[in-house]
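Both complexes shown next keep chain A, but they swap its partner, so chain B is in the first and chain C is in the second.
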Partner chain A sequence: MKQQLRRTMLYVPGNNPGMIKDAGIYGADCVMFDLEDSVSLNEKDAARFLVYEALTSLDLGDKEHLVRINSLESGLGLADLEAIVHTGKAVIRLPKTETPQDVLECEAQIARIEEAAGLPMGSTKMMAAVESAAGVLNAREIALASPRLIGIAIGAEDYVTDLKTTRSEDGVELLFARSAILLAARVAGIDAIDTVYSDVNNEEGLRKEVQLIRQLGFDGKSIINPRQIGVIHEIYTPTKKDIDHALAVLDAIQEAERKGSGVISLNGKMVDRPIVLRAQRVISLAKESGVLKEGVYAQD
Partner chain B sequence: MRKISLKNIPYLEELHEVNKVFNLKKITKNTRTLAEREVHHNKIVGSLEEAVHRVGLQNGMTISFHHHFRSGDFIINMVIDKLAEMGFRDLVLAASSLTDCHAPLIKHIESGVIRRIETSGLRGRLAEAVSDGLMDVPVVFRSHGGRAGAIEQGDLPIDVAFLGAPSCDPYGNANGYIRDRDEGIMCGSMGYAKSDATHADKVIVITNHIVHYPNTPFAIPESDVDYIVKVDEIGDPAGIMTGATRFTTNPKELLIAELASKVIFASGRFQDGFSFQTGTGGASLAVTRFLRDKMIEKSIRASFALGGITGSIVELHEQGLIKKILDVQSFDLRAAQSLRDNRFHQQISAGYYASPYSEGTAVNQLDVVVLSALEVDTGFNVNVLTGSDGIIRGAIGGHPDTSFGSSVSIIVVPLTRGRIPCVVKNVNTVVTPGKTVDIIVTDHGIAVNPLRKVLRQRMIDNGLPVFTIEELQKKAEQLVGIPKPIEYTDKVVGVVTYRDGSVIDLIYQVKQ
Partner chain C sequence: MELKKAGISGTLESSDVMITLEPGNGGIEIELTSSVEKQFGDAIRKEITSTLTSLGVTNARVTAVDKGALDCVIRARVKAAACRAAEVEYAWGGGSQ
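And then the complex of A and B:
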């Protein structure tokens, strides 16, 4: 089974046909059609129809598609779910999740629609976005609320407003939330996705932020402009040095197994379980991102 | 002095040019200084009207103009208004191109002052009116090289060229900038005007800056110029050019540009000393940026860059990445300033650039050209002239010239624009024949002309997303559907010629 990369999730306004038809060409790992904040109230229906048509008529390839729905309490979320779940082609991204109950309510509706539509039970995946102080403090319970969840994301703009602050360049105000969400994701065994970086013309700032979230452990980031994809993928792609080391670690394991040795060592250093796991992750990421093909580093 | 009798010269009948005896009385030395001469002995005439009288313009003659002032041009409207006022009729207007600012010509066509038009392109209201059947005689469209060739060969004889120039000395040395200051109208290269000046029967330079003799280095030499007219304004600087052409931030154009640059790297032409041209249009211009990074990384220098020149080409030149620039048209102020200041930034005429009748023409020395398009079809034919509604909205420019001359021609075009497919089964108007088009680069992948098998294999070997042109066409159709065919009347409004003057396509009036 191919591991799904989620380094970049490209937001595409659900009411913009021009952007929807071209969303797949930029090489983002995931495309996320938005029915929520980027669509004004008087265009909600049109956007829902448009996204439904896009999912059912465009050649989506094997790219993961998500749809950010309106919340159930807005009165619009149910219609969104009815339309999108029926396609069987998109992960449902919940906005503004505050409690595990939010996830469960949505899941119950999804299950009902799946059953009515004759879709395999549990086939529709979900992703929760946490955008408030309450949501961050409930992150663990939210992440564990449903086996349908594939990831948990942080939405920073609403969150910092909730905290009575604003976003700063180094993101110190987000440190707790990012850490909390990341830990919750890891406890639940799902992906952690960072918030958008909205200054699309500031490549240096984006670079710094992506280096930070990668170091924290995030799997990827939501993005609002295709121009941000290159930088993020570059930072997330293992370097030749990382890959060479990982390959050496895996070779050492094979060597030890062949010799029947219980202790594995590489260049005189003991290779223990975390090192092996890290090496496996590097190789997996290198393969998925296309720089490692059949054991050969593919970039000159 | 010796008394001379011609009869004493043996074999005089064979020395044809020797036939008169020197006469001292005929010689009057002029002791005026340069400053005095500039005022009292020059080619400046008092008015446009006087210049027109002096060149002997008559009804039915061909008058020519250049388009270096782009949509800021005042010259064409000014001159035709004057000729209309003077009562001229049935003139042939042969401009290197016409644009949206030339809509006032409509009334002169309606009143019979202008009988027919030769141009590279038409835009705006004039283009719409022509498409709607304004003229009895169809407009003849020529490429920049085709026009220069036709002028050289006498197929398009020009009686009087009216050439706007940002600076000119009292004897006619004219230039696209003022050497000692940045202000005023600046258009940089006057490449298209150079061809007209060389071959026209009579040349009138219209300028707003008379500068001191000698206005060197010049675009047009005094030997080509008959009269000079000084006017207050020759154009609107804002319409002529902006400071520096900015790189596009449109992600789709950037995607196409990056893919096009990968195509260049994989083409086998990306070697030290290669030559290239990038056309106008966001994606085409942005290719330069991706080239730059790779040129630095691989220590590759281009021998020359050609064509319409932008600030981004100048930047590469000044960084030592491009040795020489051949400039037929400067697209921004940065390019114009470089032409003035950089020794190896050379101004060239349209004939030097792209004439089909010279083996050494610059387009033939191109390794790679990147060009935009309105439409491409499954036969690799390219349309840069008519829109999806069949209405004229573009210019041939140097498209067929560079496509033919270059070792590899690359067309950058989005697969769709809004709801309009840009890769189609048949283009509305064939401007550049598919046989000379090598690679189509879209935002959904590339297609290589089946005639170029080695090139195609190189693209595949380098992991580029290669499709057949039919596959790209189907993709476009899948995204936006099949447009309803355009309905035309049987009236021909435009004749599209290829470089050699042969007719490659016809443009018909669109049915309303």
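And then the complex of A and C:
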């Protein structure tokens, strides 16, 4: 099965036809239409119609689309769900998730709409965004709350405000939250998506932040500007050196299996299960990101 | 769906269309301004009319200022303007309520 890359999730304001029309051309792994914070209160209905029509009419290719809905408690989220679930074409991104109950309430509404619309039960997937102290402390329960969840994301702006602090360049204030989200995602077997980097003119700062979250283990990042895609994909794409090593590890495994040898070594170092798993992940990422085609490195 | 008052949706930005709907009594009358009227005027009028018909709107005065909107944008703006003009919530998967 093809693995869905989620290195970049491009936010697109849900009431902007020009941006919606062009959203697919920049090469982000996922496109996320926003009905929440980027849409003013008196345009929520118009944005809902626009995103619905775009999802059902535009050629979206095989790119994953998400829609960030308004929270159910805002009184707007239910109509958002009605519109978007009916398209059958988007993952629902739930904002400001604080408890597993938030996920379950949303899931119950999705299930009701799927049944009424004759859609396959369970076909609509969800992603939960955690944006508060309570959400971070409940991250594990949230991530495990529904089999519809494909990922859990951290939204930093609200979170740092909740902590009574601000975002810093090195992100030390986010370390606990990022680690909590990541561990929750891994326990649940779903993706971990980092928050936006809002200073679009600071490429160096973005680069440092992406290197940090990649090292932590995140699968990708929400972004607000297509200019950020290139840097993130570059950092997430395995290098030729990574790929050569991974291929050598997998060759060594095959060789050892052929010989019936229990102990595997490569260049004098023991190769054990975690090293094999990492090598398999590198090869998978290299294939999905297009730098490894039919076993050959395709980018020089 | 019966229009009760004027309803507006959309903007004058590129790729958008601004739709103003007012109650009418002589079928659907459309006044269209578009930089691509020569090539696409008929198609835009047809899209507006068919969207209104699908909503059960039979009488309306429509003012459309098009800035190169795709069909899906035209449909979205007409639906939003119609629901605003009729003061109804749209019932997804089942027309208007």
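We adopt the following convention: the second predicted complex is superposed on the first by the 300 of 300 C-alpha atoms of A that agree within 3 Å, B and C clash if a C-alpha of one lies under 4 Å from a C-alpha of the other, contacts with A are read in each partner's own complex, and residues count from 1 in each chain.
The rule we apply is simple: a residue touches a chain if its C-beta (ideal position, glycine included) is under 8 Å from a C-beta of that chain, and two chains touch if they have at least 3 such contacts.
Everything numeric here is computed off the predicted structure, so don't read it as measured data.
A.B. asks: Both complexes share chain A, so when I overlay them there, do chain B and chain C fit or clash?
C.D. replies: Aligned on chain A, chain C clashes with chain B.
A.B. asks: Look at A:K21 in the shared chain and tell me whether it touches chain B only, chain C only, both, or neither; answer first, second, both or neither.
C.D. replies: Both partners, chain B and chain C.
A.B. asks: For A:D242, decide between first (touching chain B), second (touching chain C), both and neither.
C.D. replies: Neither partner.
A.B. asks: With the two complexes superposed on chain A, say which partner A:D59 touches: chain B (first), chain C (second), both, or neither.
C.D. replies: Touch status of A:D59: first partner only.
A.B. asks: According to the stated criteria, A:E173 is in contact with first (chain B), second (chain C), both, or neither; which is it?
C.D. replies: neither
A.B. asks: For A:P226, is the partner it touches chain B (first), chain C (second), both, or none of the two (neither)?
C.D. replies: The answer is first: A:P226 touches chain B but not chain C.
A.B. asks: Check the contacts made with chain A and report whether chain B or chain C touches more of its residues.
C.D. replies: More residues of chain A are touched by C.
A.B. asks: When the two structures are overlaid on chain A, which partner does A:D162 contact: first (chain B), second (chain C), both, or neither?
C.D. replies: Once the two structures are laid over each other on A, A:D162 reaches no partner at all.
A.B. asks: Considering only the contact definition stated at the top, list the common interface residues of chain A for chain B and chain C.
C.D. replies: The overlap between the chain B and chain C interfaces on chain A comprises residues 18, 21, 58.
A.B. asks: Taking the complex as given, what residues does chain A use to touch chain C?
C.D. replies: 16-18, 21, 45-46, 49-50, 52-54, 56-58, 79, 82-83, 86, 113, 116-117
A.B. asks: Which residues of chain B touch chain A in the complex?
C.D. replies: Going by the criterion above, the answer is residues 249, 251-252, 254-255, 416, 418, 443-444, 475, 478-480.
A.B. asks: In the complex formed with chain B, which residues of chain A make contact?
C.D. replies: Contacts found on chain A: 18, 21-22, 25-26, 58-59, 201, 225-227.
A.B. asks: Which part of chain C faces chain A closely enough to touch in the complex?
C.D. replies: 9-10, 13-16, 69-73, 75-77, 79-80, 83-84, 89-90, 92-93
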